[in-house]
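Structures given as structure tokens follow.
Each of the next two complexes has chain A plus one more chain, namely chain B in the first and chain C in the second.
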Partner chain A sequence: MVRKRQEKIWERAAGMKPDPQKKKKSLACIEEVIADKKIHNIPSPAELIHIQLQYISPVFWLLQGGMLLLLLLLLYQMARMGVELADYLWWSSIVAAWMGILANGAVGRYFSHGMAELEQSCCINLSQMWTIRMILTIGVDICILTLFSGGVAMCTNTFFGRIAVYLLVPFVLSNICCLLAVSALRGGRSRYTLMVLAVLAGLTAAAPSLFPEIYGTAYLWVWLCMLVLGIIVFAAQIKNCYGRMIRGEMICWN
Partner chain B sequence: MDERQWIHAIQKGDKQYLKDIVEKYYDDIFRFCAFQSGSGEDAYDLAQETFLKFIRYVEGYRYRNLKGYLLTVAMNLCRDYLTEKGKRGEREISYDQSVSGENGSEGDSLWEIYRPHERFSGAEEASPEAKSVESDVYGRLTKLLSELPQIQREALILHYMYDMKYREIAKLTGVTVSTVKSRVKQGTEKLRGRMEKEDFLDG
Partner chain C sequence: MLELKLDNVSKIYGGHRAVDGIEYILSHGVYGLLGANGAGKTTLLRMICGILEVTEGRILCEGTEIRKMGAEYRRLLGYLPQNFGYYPEFTARKFLMYLAALKAIPKREAADKVEELLRLVDLEQVKDKKVKTFSGGMVRRLGIAQALLGEPEILILDEPTAGLDPKERIRFRNIISALSKNRIIILSTHIVSDVEYIADKILLMKGGKLLSAGDIEHMLSQVRGKVWECCIRPEEAEAYQANFSVSNLRNTEQGVKLRIVADDCPLTDAVPVDPDLEDVYLYYFREFDREPLS
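Coming up: the complex of A and B.
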């Protein structure tokens, strides 16, 4: 009974309405603010990715497609020949290193021809655009390399994770080198510098194949350490780049 | 057009829907502010500020539960208001003032704005006596609510006045469901005790 009465009081309170005159006055104030309000469209994360996808050069996608095709052809050819794991890794490590250069080269375009200053003043600032493009380009590469690792793992009866580690090491290291060139060297974003980098990274990535025993399980911990260390250095490099972008140093450099 | 589409249209630049949202939720937000702050006069300012805040940040708003979002903004504003009032050494709710307001001087409480003469809306055809009774209910409930801790008061208002589930209140207030349950339980018991003491449940 008491509970029912208490509920009844709440019901009555829920029906309370403001004084019409005061409400009208309050609404008039709010409407004034609405009239003065300028709506700035902030795209959602999905829209941001969609927008940035439109601005990535078709040449980049063509080259990425070429890399994928090359990896598939290599996989097919080597599976037919029944080669050893080291042979698979020899070629695919070179391609992985090239992919790293390609991904960072695409990101580096933001700083070419004095564009960074203009981009900094856009709706999405430079660091946001940079982040989205990094996620897109590096994400695509990691997907391709992961799929390829799966293919090699099936052909050679090796654990998939092990192959992925072997391929991600040259990929991460080439990313580090390319980001260093793109962010620290004036002219490091030029096509020629990137080509020289690609040749050097390819040669470095192919070097371990001269010593096939290095791909044995005994040395797996060395590869793992290199991968972890590489990821840490790359993350530190990215953090440093953000700092320089926020402070404006990278914009002065571009 | 549902609310999600309204928000989408606003973010694309159609400001008309902002007015629709304000009109749709004004009474709800006002009522919350009135009972939570205990001041009918300040409730207009708090409700207005709630909508102004929403309008200011509408571009970044991602639609989930609009009424819940507005109530969260109102709740935070009421918390700040009560803290500020506490710092100034004022009582949270000036029920005594409201009674004096009714007797002639200007008060700033719910009692004051719901004085029987012509101000009561939503029951335009009601007799002066009926209006007076309703005003009395609001005034007494406000006074009793003001004697409860702020966190119990807001849990009670959201649960009983807005029919919100414990889970929804927990989400809104940022505490666990069990904390909300205990706040509602303790608040209800205290309120019932005080209502019985004041013979509020007799009528």
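Coming up: the complex of A and C.
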């Protein structure tokens, strides 16, 4: 019954022709709706990383490359000289501390040119970019330090993990100091403050080498505790900064 | 029609209320936010942009709190901060491309839009020059261009004309007028002439509070009969300036012609004149009210 009725409708429809005026009007309506429809682009995490990589200052990459080169040269020279583990760690701890300052200095760049307020108002806002850049810069540094630790481990016949702990401690501590300066001090974002911090961090990182026994297995638990504690403090610091950024406290200084 | 509702919005720093219980509904049009330095304009704009957290009250966009909308709200925004910074090594084009990327505008679309905006603000010739070589006015124009990226439905401009020469100001006013259709444009300034010709509504802020709001005719009506012109001897000019809100002083052959904003007639032979927006501003922001001089 229903099928018959449907067939009748189709038969009648086949003989009908659309009204050109109504058709034109309907098409115009559709075009208007399409024109008004905003198509939003939602960048994927990969695109966000790509944006960051595109706009990271070339100076940062040059300095980062310089650090890598310095570490490789140190490794090569010391391996040739056949020095002790403490000698490797003396120099590489200083470089690790500098790397922490450099990483946070690059992130602090967001706050040093009066761009933070504008960036926070964008679709991909400052908090998101800050997180991505932190992951990128610190991630690159950790990779470099890990590879270097492998190299030292091979040259000194020491367990790789142990070397990594010795190098990550000054790296994490310098990150903490630099983030504190960048987030808490208005002048902490300046190039000069970062340079002073780099000198102080370098000196502090070199200090344990004056007591080579501190790198012995007996003290490894102390290093491990310092690393874990450092990571916890750094994570808490990042959380605090993130909250202050969202509330605007870290962005609107005046 | 897009609607932005300020629902008893306050910002408190320590014990100080920088913005104090502002209630207002904004829909399409140009809003001129007028107030002296320190009136709370920038703080209010930062809260509307979602950069600064509201201490009390809510800001609603189409009935939804802007904090909850997140990126969806920021997508609607174009913002020019008062202290507009830039990365010095960026060229004008790279700067706009960078902000287009942050505004999630697809690269190909962004490239065309950037060229169009550079033409609009007359920076096309210097698009490949570093921003650090630009004059203050050029940087400001670049700021205006970036605010227009992504065709924002809510355009917030904090002191947009600071550093612009008269020709650039007129150009800016024309750009804003052309853009005002189907948008909310909030323009904060303490320069009355910036908003006099283009604002549909004027909001007057003082001490963190919204003193008065309405269209220009409404604002003018509030001071009608309170603006006077009189002619005095040159030696009396100083005393009058000290005792009244003088909006204009002009030396003529007959003496000094004063334009005074006062509730009562300041001088027996003073005549009431038609007010302008500067008189309204002066009326609300005058520091003294004196008895008329005899």
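In this text, the second predicted complex is superposed on the first by the 217 of 254 C-alpha atoms of A that agree within 3 Å, B and C clash if a C-alpha of one lies under 4 Å from a C-alpha of the other, contacts with A are read in each partner's own complex, and residues count from 1 in each chain.
In this section, contacts are C-beta pairs under 8 Å (C-beta built on N, C-alpha and C of every residue); 3 or more make two chains touch, one makes a residue touch a chain.
Every value quoted in this text rests on a predicted model; they were computed, and no experiment measured them.
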- Given the touch rule stated above, what does A:Ile246 touch, chain B (first), chain C (second), both, or neither? second
- Item | Contacts of A:Tyr55 with chain B and chain C, given as first, second, both or neither | second
- Message: Once chain A of both complexes is superposed, is A:His40 in touch with chain B (first), chain C (second), both, or neither?
- Response: both
- Message: Quick check for you: in the superposed arrangement, does A:Arg80 touch first (chain B), second (chain C), both or neither?
- Response: neither
- Would you sort A:Met129 into first (chain B), second (chain C), both or neither based on which partner it touches? second
- Same chain A residues contacting chain B and chain C, which ones? 40-42
- chain A partner contacts - residues on chain C that touch it in the complex: 46, 49-53, 71, 74-75, 77, 79, 81, 83-89, 98-99, 101-106, 146, 150
- The chain A residues in contact with chain B across the complex are 2-3, 5-7, 9-10, 12-23, 25-27, 29-31, 33-35, 37, 39-42, 44
- Can you check the complex and tell me which residues of chain A touch chain C? 40-43, 51, 54-55, 57, 109, 113-125, 129, 246-248, 251-252, 254
- Message: Applying the document's contact rule, which stretches of chain B touch chain A when the two form their complex?
- Response: 10-13, 15, 18-19, 22-23, 26-27, 30-31, 34-35, 43-44, 47-48, 51-52, 55, 58-60, 62, 113-114, 119, 121-122, 134, 137-138, 141, 160-162, 188, 191-192, 195-196, 200-201
